[in-house]
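Encoded as C-alpha cells, the structure appears first; notes follow it.
Chain IDs A, B, C, D and E follow the sequence of writing; residue 1 opens each chain.
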Amino acid sequence: MKSVIEYFRGIFNGIKSLLVGMTVTGGYFFRPGTTLTQQYPDNRDTLVMFERFKGEVVMPHNEKNEHKCTGCGICEINCPNGSIEVIPATEVTEEGKKKRIIDKHIYHLGMCTFCGLCVKTCPSQALAFSQEFEHAVFDRTKLTKVLNQPGSKLMKGVE
Amino acid sequence: MTNQALILFFLVGLIFVGVVILFSGLVAPRSTSPQKFDPYECGIPTKGTTWLQFNVGYYLFAILFLIFDAEIVFLFPWAVVMREVGMVAFIEISVFILILGLGLAYAWKKHALTWE
Amino acid sequence: MEKSQLYAAIAAAVPEAATAEGKQFVELTVAPEKLKSVMGRLRDESNLSFDILVCLTGMDYGTDLGVVYHLRSYAFNHMAVVKTRISDRENPAVDSVCSIWPGAEYHEREVYDLLGIRFNDHPDLRRIFLDSTWGYPLRKDYKDDVNIVSK
Amino acid sequence: MEVKEKMGRLENEEYIINMGPQHPSTHGVLRLVVALKGEIVQRVEPHIGYIHRGIEKMCENLTYQQIIHLTDRMDYLSAHINNEAVCLTVEKALEIEVPERVKYIRTIMSELTRIQSHQLFWATFGMDLGGLTCFFYGLRDREKILDIFEESCGGRMIVSYNTPGGLMNDIHPNFQNRVKEFLKYFRGVIHEYDDLLTGNVIFQERSKGMGVMTKEEAIAWGLTGPTGRASGFSCDIRKHNPYSAYDKVTFREILYTEGDVFHRYLARMEEMRESMNIIDQLIDNIPEGPFTAKMKPVIKLPEGEYFQSVETARGELGVYIVSDGNKNPYRVKFRSPNFVNLAPLNLMARGSKIADLVAIGGSLDLIIPDIDR
Amino acid sequence: MEFSIYDFSSFTAWIDQSLRAAMSPGMAVAIEMLIIGVAILIFYAIVGLFLVYAERKVCALMQNRMGPNRVGPGGIFQTIADLVKLLFVELVPIKNADKILFSLAPYIVIIASFMAMGALPFAKGLHAIDLNIGVFYLMAVSSMGVVGVLLAGWASNNKYSLIGAMRIGAQIVSYEISVGMSLVTIVVLAGTMQLSEIVQAQQYGWFIFRGHIPALIAFVIFIVASTAETNRGPFDLAEAESELTAGFHTEYSGIRFAFFFLAEYINMFIVAAIATTVFFGGWMPFNVYGWEGFNKVMNFIPPFIWFLGKTGALIFLIMWFKWTFPRLRIDQLLTLEWKYFLPINIINVLIMALIVLLGWHW
C-alpha cells in the first residue's frame, strides 16, 4: 500500500515540478518586454563601450599632430607576445644634440592579447586603449598598424 | 472516393518530395572533396563497421508492445459497440484487460521493465 | 601540527629520506628507488596520513631530471614536498605512485609526455598531450626552431 | 609504435564512438573515445591535447608580470582567480604585504568570477541535458557580471586585472553600486534556476545516483572544487588555507556526501549563494588605500621554490614556481583542477548510458584549455 | 448558389455538381482530385513554414530574446529565406551509406504526414477523407512517419544516427500504445470512430468537459505520448543533440534535411489537430449552456478558425514543453510509458466505460 501511495505521490510531485518550470518560461513568453537583446549593428551609433575597455592600443595625438612617444622601447620589452615593434630614428635637435625619436611604432593587433602591460608601463603615457572593437578585416596584413601618424612629432616637454 | 483520395495523398506526397529534391539536385552545387562524403564522427575517421551487431535492451518491450498493441486492436471495436451491448461488454473486457494487466504486473515484478 | 613538529615526525617515519625544513613546507629528498616505499609510508603513517597528492611536477635541473610531489593530509591539513632526482637523462625512470594515489595517473602521463621520465608500473603510460613525433619540450635542452620563437 | 598500441586497445568487438573533438557536449576540444555495448558505456578514454599551447614552457621565457596574462587563458572562466594565484605566489616569494584594499577587491572579484563561472556551468549543464532554455538564462545573468568586469578591468572574460603586488588599476567608481545592483538582481532571479532545473523531476531522475564518487575515491583521485565537495571531501582552500581576504569573512563550505551528478550540481548552486554572501560582507567595507604595493619594475624572485593554491570555480589551482633568481622563472607548474577532475571520468561513467556520460562530463564542468594548458 | 463559411458541405457539393454538369464523371473526379491535392499541398506548405517561424519566435520569447527579426516585418519571411537557402545547399552523398534507403527516408516521413493531413476535419464539410475508422486510420498513418526516421538513422552509415534509430525504435514500440489507449477512451465515450461523427457528438460540450476526469487524464497522456511519437520536446532522443550531435539526420543535408524538419512540424500539427478533434470538439465553437449572447458571439466565429485556433493552442503547449524541460533518458522514457502511462491508461479506459454505461457523463 505504501508503495502505491509513493507511486501517486511521485506522479503528483513530478507534474507539479514540471508546471513550476513551465511558469518560468511561460512567464517570459507572456512578458515580451523583458527581452534584453541588443540590436547590435543597428545601435552602433548609440553603443558606448566602457571607458576602460581594451579595444586596441592606440597612440593619442593632439590637434597639432603631436604624440608623447619618446621611442624608449619599454613597451616593446614588456609586451609578452612581441606585438609591438619600435623602430627608432635619430634626430638632431636645435642645440645640435642627437636625440632618439620614433620612426615607426608598429603594432600587430593580430598578436595582441590585450594584457595592458604596454599601456601601464609606458613612462610618458604615450599609449592608450581605444574603445574600437570592430577588428574584423579581410586581410591579415591590415592588422599590422603603425601607431604614430605620418608627420607627427614628439610633444614638447615630454622626455 | 475515399480510396482514390488515399492514393491521391500518397501521390501528392511522392510528387512533392520528388520534384523538390530533383529541383534542388539541379540547382545545388556539387563538391568533389572526398572528406565531405565521410560519415560524421566528430572529425575522426569511423573506427570499425557501423552496422555492427547492436545490443538493444528493449526486445522485451517489443514483445510487450505486440501484446498490448493487439489489445488495442481489440479494444477499438469493443469501444464502438459497447453502448449497445451494455454491462456485459464491460465485464467481458474487464476480464480481458485483467488478464493482460496481470501479465504486465508479472513483467513489472520480474524487472522486465527496466532497461538493461 | 607545527612545521617543526611535522618535520620531526617525518624524519622519524622515513629515516632514509633527506629531510629539510624548507621555506614553505617540509621538504624530503628521496632516491628514486626508495620513492615508492617512502610514499607508501607517508600516506599510511597515522600521524602523517598524506592522503592527497596535490601536485606532481616534472623538473629539469639542467643536469638531473627530477619529480616533485606536493602532498597534503586531509585530516591534518599539512603539506610536504617530496623530491626525487634522476641523474640518467637518457633513460630516466622512477617508480609510479599510481597504486598509492590513483590520481597520479594523469600527472605521470603528463610528466612522461613533457619530460620523458618513464614511470615503472604505470597502468597506461602513453603521451597525453603531444604525439610521438615531438621531443620532450619541458627539458631545458629542447630545441624547436619552428614552434618556439624566443625574443 | 604508439599508434599500434592504441589500435590494439580499441580493436575488438565493441562499438567504438568518438565523442569529440567536434561534438556539442564536450565543451571544447576534448575527445572521448567511448566503447559502447548497446547504449551502455563500457569504457571511456579521454584524449586530450588538442589545444595544448605549452603555457608552462612559455612561462619560462617571460617575466612574472607577463605570465599573468597567460594564466587568463588556462581556465578562462576563472581568469581572475588564476591571475591571483600567480600574484600570490610571487608576493609570497618576495614577502610583500599587499594593501588591504587589494585583498578585498581581489576577493570580491574572485567571488564574482566564481558566480559567473557557475552561471555558465548551469547554462551549459542544462543544455547538456536538453533544456535549451537554461543556456540563455544563464548567459543573460552572466552578462551582468561581465559588464562589471569590463567596467573595472577593461576585459570581459580575459580580465588580466591582477599584477604582482596589486591590481592593474583601481576599481571603477561605479563598482560597488553595480555589484550591489547585481546581487539584488541575481537574488531575484536565482529561483528561476531552481524552478527550471533543480526541482524538475526529469532532471532529478537523470542526475541522481549518476557517476558516483565516494569520499575515499575523491580524496584518492584528488578531486577538488564542487566536484570533490559533493563527495564529502572538504577541500575548500578558502576555508582551510585562507588567502586574500577570506579570513575576514564567514561562509559555509558546501559539503554533500552523495557525490553524484545531482549533488555536484547542487554544490555549485549553493556556492553561488555563498559567494553572494561573501561579497555582501566585503562590498561595503573596502578600505581606502593604494591599489598596488610598491613594486620594482623588474621582479626577480629570490632563488627557491614557491607553491600556492587557490580555489578556482573548479577546484584547487596550485602554482608552483621554481626560481633561480632571474627575472624569468626557472620552471612554472600549474596544478590545474580540471586535469585532475577529468582523470576518473572512466571510473564514473562506466556502466552508465551515453546520455549519462554527457551529464557526468557536464557535471565535472571541464574547461578544456585548463586541461591542456 | 449560396454557401456559408459555417458549413462547407454545400460549397463542396456545388463544386461537385457544377463539375459533373460540365464534363464526364471521370473527368470531374480527376479535377476534384487535382483541386484537393493542390489545396492540401498549399495548406501543408503554409502550415510548415508558419510553424517553423512560430517555434523560433516562441522559443525566443521564452528564452528572453528576440528571435528572427531581420527578414520581413518581425522576421516573418525568415523561414522562406531558410527554405530558399536549403534548396541551394549541396545534397551530400555519404560514403558507404545505403543509398536507396537513405533517399527513401524523406519520402516516407512526408507521405505519412500528407496522408494523415488529408483525414483531418478542418470544418464542417471540409474533410477530404471521412473514413468510418478515422481515428484508427490517423493513428496508423501518423505513426508511419517514424519508420522513415528509423530508416534514415539506419541508412546513414553513421554511428550516432544508428543509435538514434535504435532509440526511435524503442520509442515507437512504447508510445504507440499510449496514443491508442487514450484514443480508445474517447471512442468509448463517443461510440464511433468516424471523425466527423466524433466532432458532431461534441455539439453540446467538448469531450474533455463531458468525460469528467478520465477524459482529462486521457488528454494529458495523449498530448505527452504524441509529443513522444512526433519525436519532439523532452522526448527528442533520436536527435538528442548533446549526445548524438543530430541523431538520425546527422548525415542529411540541404533539402533532404528540410523534409525531416518540415515533417516534424507537420506531425506536431497533426497530433494537435487530432487532440483538437477528439478532445476539444474539433471545429465546434465554445458554448456555455444558458449564456445565449455569449454563445451567439462564439458561433459567429467560423469553424475553420475555431479548429486552427484550438490546434494552435495545443501546438503552443507542445512547444512550451520542449523549451522548458530537459530531455529524458531512454530508460526513463520506457519507464514513463510502461510503469505510468500504461497502467493508468488501462484503468482509465475501464472507468470511462463504467461512466458511459452508468450514464454519469454529461
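Rule of thumb we're sticking to: a residue touches a chain if its C-beta (ideal position, glycine included) is under 8 Å from a C-beta of that chain, and two chains touch if they have at least 3 such contacts.
Note that the coordinates shown come from a computational prediction; the quantities given were computed from them, not determined experimentally.
Annotation of chain D and chain E: jointly contacted by A, B, touch as defined at the top.
Among the remaining chains, those touching chain A and also chain D are E. Between A-E and C-D, more contacting C-beta pairs join the chains of C-D.
Among the remaining chains, the Cα-based centre furthest from that of chain B is the centre of C.
A summary of chain positions shows that the Cα centroid lying nearest the centre of all protein Cα atoms is that of chain D. With centres set at the average Cα position, the gap from chain B to chain D is 45 Å.
Our note on geometry: chain A versus chain C, Cα centroid distance of 41 Å, whole angstroms.
Note on chain placement: the centre of chain B and the centre of chain C lie 58 Å apart, centres being C-alpha means. Between the Cα centres of chain A and chain B there is a gap of 55 Å.
Across the assembly, chain A contributes 18, 21, 24-25, 36 as residues in contact with two or more other chains.
Shared interface positions of chain E, i.e. residues touching 2 or more other chains, are given as 62-65, 159-160, 166, 245, 323-325, 330-331. Under the contact definition stated at the top, the residues of chain D that touch 2 or more other chains are 15, 17, 19, 23, 38-39, 133, 140, 196-197, 200, 202.
Interface note: chains touch in the pairs A-D, A-E, B-D, B-E, C-D, D-E. Residue ranges of chain D in contact with chain A, taken from their complex: 62-63, 65-66, 68-70, 73, 133, 140, 143, 147, 150-155, 158, 160, 163, 168-169, 172, 192, 195-197, 199-202, 204, 297.
Residue ranges on chain D touching chain C, taken from their complex, read 1-3, 5-6, 48-49, 52, 54, 56-57, 61, 92, 219-223, 233-235, 240-241, 304-307, 309, 316, 318, 320, 322, 331, 333, 335, 339-340, 342-344, 372.
Residue ranges of chain E in contact with chain D, taken from their complex: 59, 62-65, 159-160, 163, 166-167, 234, 236-237, 240-245, 323-332.
Every residue of chain E that touches chain B in the complex is listed here, in rising order: 29, 33, 36-37, 40-41, 44, 86-97, 103, 106-107, 110-115, 117-118, 128-131, 133, 135-136, 156-160, 162, 166, 169-170, 173-174, 176-177, 180-181, 184, 187-188, 191-193, 245, 250-251, 254-256, 259, 330-331, 334-335, 338-339, 342-343, 346, 349-350, 353-354, 356-357.
Interface residues of chain C, counted against chain D in their complex, comprise 22-25, 51-55, 57, 59-60, 68, 70, 74, 77, 79, 81, 101-103, 105-107, 110, 114, 126-132, 137-138, 148, 150-151.
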